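Please go over the structures that come below.
There are two complexes below, and they share chain A, which is joined by chain B in the first and by chain C in the second.
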Partner chain A sequence: MSYMDSKMSQHGLIGSESDSQRTLYPYVTGTSVVALKYKDGILMAADMGGSYGSTLRYKTVERMKPIGKHSLLGASGEISDFQEILRYLDELILYDNMWDDGNSFGPKEVHNYLTRVMYNRRNKFNPLWNSLVLGGVKNGQKYLGMVSMIGVNFEDNHVATGFGNHLARPILRDEWHENLSFEDGVKLLEKCMRVLLYRDRSAVNKLQIAKITEEGVTISPPYSLKTFWGFSAFHNPTVGAEGSW
Partner chain B sequence: MFRNQYDTDVTTWSPAGRLFQVEYAMEAVKQGSAAIGLRSKTHVVLGCVNKANSELSSHQKKIFKVDDHIGVAIAGLTADGRVLSRYMRNECINYSFTYESPLPVGRLVVQLADKAQVCTQRSWKRPYGVGLLVAGLDESGAHLYYNCPSGNYFEYQAFAIGSRSQAAKTYLERRFDNFMDSSREDLIKDALMAIRETLQGETLKSSICTVAVVGVGESFHILDQGTVQQMIDAFDIAGEQEAPAPEPDADAEQGAAAEPGAGADQVGAVDEGVAPMDI
Partner chain C sequence: MYVANRASDKITQLTDNVYVCRSGSAADSQVVSDYVRYFLHQHTIQLGQPATVKVAANLVRSLSYNNKDMLQTGLIVGGWDKYEGGKIYGIPLGGTIIEQPFTIGGSGSSYLYGFFDQAWKEGMTKEEAEQLVVKAVSLAIARDGASGGVVRTVIINSEGVTRNFYPGDTLPLWHEELEPQNSLLDILNTSSPEPMNM
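Our next item is the complex of A and B:
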């Protein structure tokens, strides 16, 4: 934080002496998360990359975690803020369990709690630099929602963060339908992730797909998508412009 | 209970292990006018006897809506009850705001009980002199709880508190086995009968009682006087078959459900005529 303070004073961006702590930019970031509702619950996909600026620095970052009994949280943006959010949620679920009264927080409650946290931090000009995807199933009800770093939140049948909004959601709008089977859901997610892999500079080819149903959460082991680069235009790319590279 | 040297402070134990101030607070509940509650699997009904200071004044408000899914009836120091209702409303609204979900009744009741307990362990405080019948709905169904000034809480199928509540309790004890499967209308009828028990002979009119209902698909609300009077008139005429007609919310299902209830109620009606059990 002190490194940032000195940077801030250099740029003359400090508002008043009192606010010495405010997030200006993220450091280690995760890229898109894509999620959709399917027949039995929610499917969510995220790659395992943690970028340090333009360097693809960390390649085994788990960006999806189960929360309590009924929810799954995926995050893009600052990884350390995601870890902080996981600690908040850990405490929340702990206190919920301590009541020991048969009630438990479902995905709707967790989503709204996160919205409150994100919005309150944004109001203090010290945001948690994340876009969160919260999905889950409780009592047969499927729930899928998103919260951004400024506290914008909504629910939908399919959501995506970051580049996913621009590249994945159009695919989902066209091809998503109610009661997708598990296989179809995974295929659809992989289609979106492949496009992101080709077009998003901060994507890495190592992803996980997570599933949450009434029974619980399963996060797949990491795997890679097959890509194809054998386009004829890539052979002899300089054939039309001798001397270029 | 008689005055003794251990009853000045709530923080003084008696040699027998009692806190007399807490027990005196529970006495205050017994002095208040009656409040009763009963529940089925899907509905909870609260009722209370309206007490007015004089013929000129209006009666005290003893039933409070805490949230769409929770309501409370009080007996004892109504001022304390009002304050606790405000606390309950606050807790519900804060929970709703953060989680967009209704606060589970069970948790509200524990929070209330913990609040009451604090007053039994501070020398500069006194226990709340009010008993609360908390009626609410949550994921696991309909619930009725009783919160004591002592900080204890219990869940009940049916209960009555306040003056002459024993008569109502006796009535309820005889009938409570059927409550779980009762229809909404039967439950309200039983509530009115129980209130009548506490009146010891005085005619039951909608002006001297208040009835409130909460149920699955039905927000907590206090029934208006007209509806209550119609229901009173309906069961006072011992024929159960006429009951569906005058009620504004009659439906075919109620007619069918009234049949098994009719048998039991008619037996009860005959009992009423003989002599209510007083013990």
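Our next item is the complex of A and C:
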């Protein structure tokens, strides 16, 4: 039995091996993650909400974490599965460091590992219920990729999960360009996050923006975005048609 | 729905310095507590000193996460250790672990989100905090059919552990609740001897 399997059995207090696993449902979930490549590396944004169905249960959940020296992982979906993925990655990075050969896993390697994990779990009908965004810079090469809970993976100049796919990516397709400055990148991400705040029921107004460059990872402290409600059309929308909304 | 136990103790000891609040399935939460108490006992012997709250919480998380398809229990691990002081970890369904300055759980908690958003403050004293939780549980009892009976509190700090007990009839009354009486006859006898208005 592999080391990981025996550990898992220990705290799973193993049921009969012949139990057929089935797809579960998520309990505490995070919503969109949005990321883009800019001049010096990758910028990634995610809010700090952990929803429990329709209840905005937890409002200070860190959904982006640094991985090793060169990568940043953002997750949407089930938070407990994300926490377990972080444990797997901890072990992966530890074993990599133990080689002590001067080499370290870059974002490509971490992305590939995650893809294999997600796809193999999907094949066993026991998925990790997450959409993952993996960004990083190694040896000057910028990398930004995504893995879904069914193992679909790809790289692009900008990615988003969940609602972000529908609301943020159209904005990014229009306004993203090569060699964005840090300021322009942040403003673009904030534009996306503001739209998500208006239009995604699970969004929470407390977010972090993370930056990863050759130098390393920086995750901003939590902050809130201002919103605008001053359209005249919002004041009396039903005045011409009482009873409407 | 039948009330199987109207005075149950949902705050369970894991070690001298760490307790767990149980909600959801009683059987599931009891068996998880029993396993964690057993693991922590061994861990304490091996470590040679009291277990930390974080270790206890992560053991609970491990069981909750790895048995997520079978368990229906939300747990709150709270305690005090010499490294981090007082700490609270929420472990809802699914096995997410989240450290918080305060947390609520169980079916009655639905009615307390707004209350705590308004009433909780950083840096409350022991007395203020105890009053707050007793008030909160009593508000939940007022509106949640699955809550009732008695309020139990446990205070854990560097000095040790204190258990308190508040019987249901000592709790404050809320909207549309009336002062309990022994009998209608007492009400009739204390008012003037006129016929009742029907």
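Basically, the second predicted complex is superposed on the first by the 210 of 245 C-alpha atoms of A that agree within 3 Å, B and C clash if a C-alpha of one lies under 4 Å from a C-alpha of the other, contacts with A are read in each partner's own complex, and residues count from 1 in each chain.
We take it that a contact is a pair of C-beta atoms (placed from the backbone, for glycine too) under 8 Å apart; a residue touches a chain by one contact, two chains touch by 3 or more.
Note that the coordinates shown come from a computational prediction; the quantities given were computed from them, not determined experimentally.
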Practice task
Identify the partner contact of A:N205: answer first if only chain B is touched, second if only chain C is, both if each is, neither if none is.
Solution key: neither
Exercise for the section: Pick one for A:G102: touches chain B only (first), chain C only (second), both, or neither. Expected result: first
Exercise for the section: Please indicate which partner A:N165 is in contact with in the superposed arrangement: first for chain B, second for chain C, both, or neither. Expected result: neither
Practice task
Based on the superposed arrangement, let me know which partner A:Y52 touches: chain B (first), chain C (second), both, or neither?
Solution key: second
Exercise for the section: Have a look at where A:L24 lands relative to chain B and chain C in the superposition and call it first, second, both or neither. Expected result: second
Practice task
Return the chain, chain B or chain C, that is in touch with more residues of chain A.
Solution key: C
Practice task
Name, in rising order, each residue of chain C that touches chain A in their complex.
Solution key: 35, 59, 61-70, 90, 92-98, 100, 110, 113
Exercise for the section: Give every residue of chain A touching chain B within the complex, in rising order. Expected result: 99, 101-103, 105-106, 108-109, 112-113, 116, 139
Fill in the blank from the handout: Seen from chain A, its contact residues with chain C in the complex are 8, 11-13, 15, 21-22, 24, 26-28, 50, 52, 55, 57-58, 60-61, 78-80, 83-84
Exercise for the section: Can you check the complex and tell me which residues of chain B touch chain A? Expected result: 97-101, 104, 106-107, 110, 138-140
